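Okay, so chain A shows up in both of these, paired with chain B first and chain C after.
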Partner chain A sequence: MLAPVAWSFYASFTNAALSGKAALNPQWVGLDNYARMLTDSVFPLSAWLTVVFVAVSAILGQNALGLVIALLMTRSGGATASLVGTVVVASWILPEIVAAFAAYAYFSQDGTLNQLLGMFGVQGTNWLYAFPMAAIILANVWRGTAFSMLVYRAALSQVPRDVSEAALMDGARGWQRLAFITLPIIRGSIATNLMLITLQTLAVFTLIWVMTAGGPSNASTTLPVLAYQEAFKLGDIGYGTAIASVLILIGVVFGAVYVRLIRGAKP
Partner chain B sequence: MLAGKRPTAEAGGRPRVRLAANAALAVIGLCFVLPLAWLLLASVDPHAGYETRWPQSPSFANFAAVLTPGLLFQPLTNSFLLSAGTAVVNLAVAVLAAYPLSRYQSRFNKPFLYAILFGTSLPVTAIMVPVYGLFVQLQLLDSMPATIFFMATTTLPMAIWMTKNFMDSVPLELEEAAWMDGASGLATLRRIVVPLMRQGLGVVFIFVFIQAWGNFFVPFILLLSTSKQPAAVSVFSFFGQHGAIAYGELAAFSILYSVPVLILYTVVARGSGSAFALSGAMKG
Partner chain C sequence: MRRPVRIGAALLGVVGLLASAACSAQPQAVSKQTIKIVYQKTDSFTALDKVFQDAKQEFEAANAGVTVDLEPIQANDDDYGTKLALAQRSPDTAPDVFYEDTFKVRSDVDAGYLLKLDSQLASWDEWSKFNEGAKAAGRGDDGSIYAVPLGTDTRAIWYNKTVLQKAGIPLPWQPKTWDDILAAARKMKAADPSVIPFSMYAGKGTGEGTVMQSFYELLYGTGSSLYSESDKKWVVGSKGFTDSLQFLKTLYDEKLSVTPADALDSNVWKKVFGQWLPQGKMGATVEGSYAPSFWQKGGSYEWAGYAQDMGVAKFPTQFGQDPGGVSMSGGWTLAVGAKTKSADLAFKFLTTAVNKKNALAFDVNNSQIAVRTDVASDPGYQAANPFVKDVSNLVGVTHYRPATADYPKISLAVQQATEAVIAGKQSPAEAAAEYDASVKKLVGDTKVMQK
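Let's turn to the complex of A and B:
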């Protein structure tokens, strides 16, 4: 695991390429690749899209929806809860490429979404082309929410019953009990979950590659897609590795925070 | 949209809360099941497109069409070899690595565990470019065993973490008794600890297997020849390269490819409760 990381940092300072002279004998080019990132028109866009993708689909979408589903389940119980749980988990267990096909079909011009909109007399558009970011964000929420749901179901089941019942006796309303009792108790799980889904979403490639391939004209190119394109489509291993190194650095920062949080949770 | 329905209805009394919660859950469930509807309907529709519709003349023609050695059996065999290989390597290494971590107190334990935890957080997509370079230099490209070993390293941190947590719940007394009788560390591990944590190891095995089975990116980059590619990659070329996409066959193939992991997951969830598997992974 560490060897590729070390190699990655080394290669990011070279002009290694897939073919041609530089493929056999990569030259040391210093910070050129990193300087190129700053002047490249795609890299800043791609970094920004990655931030949007992670923030909206993971931190907002998966996390909040997972919590909502888990809370609803504690209040409904029975057949509905287990049925919905199965459906949500199924879209998570499916191999990523199959989920990506399903999402592609769902958002395409003749797809399910537009057919549903058509029933209400709304003329749909080709979502993958017109709103590629919205499509991949929704697809990632659909695919990943199960994880947050499972984490929060486990966390909520450990919230002591008597504490929330005591609050109920004291006349605390539903949202008050949620905000002042339940959420503080499961704080640790929230932190861990946020960190894990952030890192998972940071690495998402297949879903985006199948649905939009980063297009149209880079409108949905996140950093993993950009690194892939530079390294394998354009053959510039050095530059692709430099982008990958940035991604690793972001992962390392989040990983460090994550380890800290877990350490802090149990002294 | 759903948040408003959540606990605010509490004042109205229990049955109303339950009804509102059920209704909200049903709406969410419907949203989640819709993208899957196409997959299921198209697979039995010989004239399927991207439209979701009831098949005019439902049949298993699509399934029959993909049930050929080249299209289905070879890729699925490759998937199986990759996944099982990855899981076996993981299990062997994880047991050996978890044993000292679980049984002996050493000042290297904590840093090592944190390093492992850290390893789980590196995005695999970022490591692929340098790994490809490494594979080219070592001439390991298109090699199944090398791909298995790399896939194993990517899931190993999680496997060690889970294995250690399961191993912690095996009581120490039994082992101490064995040591008294002169058994070596490795012998107690093999004869006593491993059999006692069989169920936990099963969970780890299935967990890794499912991950490897669904892995598209790693074999997509590291395996070149069609005869070695797993289903995840072959289904993609199926989708991308043929001029006219055979939607129905694509859906049928996707379902056949998904069934094994769905069954495996059900086995784990039934046998031990899905929260159990997750707590093995999550608790610190």
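Let's turn to the complex of A and C:
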């Protein structure tokens, strides 16, 4: 498991390439690849887009929506719950490439969304061109919410009934019970869920590649897309792996924050 | 942490595995010989597959005990190049004979992927039948030949006669300057606002198509160039570069071309060939000499009327200055892998694949410009489609890309400049300045010159 990562890390200090002289004899270039990021016009944008993508689509979108759906399902129960569950999970079990093409078909110029809007007499725009990040974020929320929902369904079923009933007797309102009883109890699950979906979202590639290929004008180029472009489209393996290393680092930072959260949950 | 680790793993796992594989020498079975052929095949590009199927039969019949193992890669040009480069890194996956883009020859020679063919070519009697200019396509920086050309191409303006007639433009149409193009496009727009008058690719979506079938026709028509072969330096700060971007901006701003959103869609060329031109919704576009291969019988977008409805014109220089026109050429070659264990057999197979019969079939089915003189003079070739003569004549005003190892990155920087301009993100001057800065960063200040 560690060997390929070590290789990747090592290569990020060389000028390894797919073609040209550097393909024959890669040279050690020290921190050159990392220094290049500082002057690269795309890298800072790309790092920012990656953080936005994770924050909005995973931490806010998938996580919050998953929790809301799970809470509603717990309350409604029975047939409604299983119907909603099935619909949400359906998008999750699709292979990523299929989900990506479905999202493309939905948001593209002649796509489902614009046809639906057309039925109401609204002229849609080319979403993937005008709002690429928004489209990708929505697609990732659509695809990933099921996972959070399943985690929270399991967590909520562990919340002892007598505690919330006692609170109810004490006159606590719905939102008070949620904020002061349910959420603190499932805090560990929240942190675990955040950790998993953050790391998964950091690595999303196919969805973005199929929907926008990182465009227009790099407006949706996240770090995995940039790493792929540099390493394989431009053949610059050294720089591509350096970008991948930064991506790993971002994952480590997020991970460390969540680990603290989990520890805090279990005193 | 597993997910991000996986990306790193995926990226360098590939390299790691290939590198370790490169160290393990495999003993070669001698009794039965196999040569492996790697080439590109897509739904719309099967002409080469046909050539290799035929060559395999011919070759196996003539060389008992040898098996030809055909391994087509299903991918577009970009991905084919990447997959081929990855396969080259290990003797287990490296091909004996492969299909190679002319502009990658020099950098792949540097990478040690191609076998030097000088001695084999010296004793091959058909080599003299190859056009001298075309032979240069397979030449490395050291002057030796590493690849044999299959065919070449040129770029021209392809126009729909009915759309031009409707706008009152006399036929045959031959614009003399850039302004002639704009004037004609405005007329078409006025006559029918629903048509796309003059399409030129831009942005990263169409990749190399953006530079080969659009930007370079403009740039080389200003007298400027991308690279100075004599100084071995990249050219920055030229007025021609900004003027070329300005021309694209005018086309897109006045809505004489496709919408920016369409331009950035990597599949836009399918609409150009498959819908807009055949349905009379597009006046003209700049495309390769291979255009008829899409429309002729068996092509991806069969269109019986193309021979009557379409016309071809030379892309003009900026102000009509000499030589009066511009074209770009590329094309593909066959090469022998440097890691091959049966170099002689591999070369022999290569010569079978490019013999007169197979080269003729390929040039006709793929609308290629012949590089063998005996094919060029063959009546079958000349009758392949009504445009063969026109597009072949453009070889006289054509340019080739600077095939250095830096080239792919420079090309991307150019594509980026066009994208920023047509999307309205930067003015031509700003985009040109950013291009200059990128080039300096990519190749270093010493390999750049102001012109």
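The definition used in the following text is that the second predicted complex is superposed on the first by the 253 of 267 C-alpha atoms of A that agree within 3 Å, B and C clash if a C-alpha of one lies under 4 Å from a C-alpha of the other, contacts with A are read in each partner's own complex, and residues count from 1 in each chain.
Everything that follows uses one rule, which is that a residue touches a chain if its C-beta (ideal position, glycine included) is under 8 Å from a C-beta of that chain, and two chains touch if they have at least 3 such contacts.
Fair warning: this is a prediction, and the values are worked out from it, not measured in the lab.
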item: Chain B versus chain C as contact partner of A:A90, first or second or both or neither; value: first
item: Which superposed partner A:Y129 touches (first chain B, second chain C, both, neither); value: second
item: Partner chain(s) touched by A:L234 [first = chain B, second = chain C, both, neither]; value: second
item: Partner chain in contact with A:P224 - chain B first, chain C second, else both or neither; value: both
item: Partner chain in contact with A:R173 - chain B first, chain C second, else both or neither; value: first
item: Partner chain(s) touched by A:V259 [first = chain B, second = chain C, both, neither]; value: first
item: First, second, both or neither for A:S41, with chain B first and chain C second; value: second
item: Partner, of chain C and chain B, that touches more residues belonging to chain A; value: B
item: Partner chain(s) touched by A:P216 [first = chain B, second = chain C, both, neither]; value: second
item: Chain B versus chain C as contact partner of A:F101, first or second or both or neither; value: first
item: Shared chain A surface residues [contacts with chain B and with chain C]; value: 1, 3-5, 7-8, 11, 16, 109, 199, 202-203, 205, 224, 227-228, 231-232, 237, 240-241, 244-245, 247-248, 251-252, 255
item: Partner chain A, residues of chain C touching it in the complex; value: 1-9, 11-13, 15-16, 78, 82, 85-86, 89, 104, 107-108, 110-113, 203-205, 259-261, 264, 266, 405, 408-409, 412, 416, 419-420, 423, 425, 434, 438, 441
item: Complex interface listing, chain A residues touching chain C; value: 1, 3-5, 7-11, 16-24, 36, 39, 41, 109, 126, 129-130, 199-200, 202-203, 205, 213, 215-217, 224, 227-228, 231-237, 240-241, 244-245, 247-248, 250-252, 255
item: Chain A to chain B touching residues, read off their complex; value: 1, 3-5, 7-8, 11, 16, 65, 68-69, 71-73, 75-77, 80-81, 83-84, 87-91, 93-98, 101-103, 105-106, 108-113, 115-116, 139, 142, 145, 150-151, 153-154, 157, 173-175, 177-178, 189, 192, 195, 199, 202-206, 210, 223-224, 227-228, 231-232, 237, 240-241, 244-245, 247-248, 251-252, 254-256, 258-259, 262-263, 265-266
item: Chain A partner contacts - residues on chain B that touch it in the complex; value: 2-3, 6-11, 17-18, 21-22, 24-26, 28-29, 31-39, 42, 49-52, 114, 117-134, 153-154, 156-157, 210, 213-217, 221, 231-232, 235-236, 239, 247, 250-251, 254, 257-258, 261-262, 265, 274-275, 278-279, 282, 284
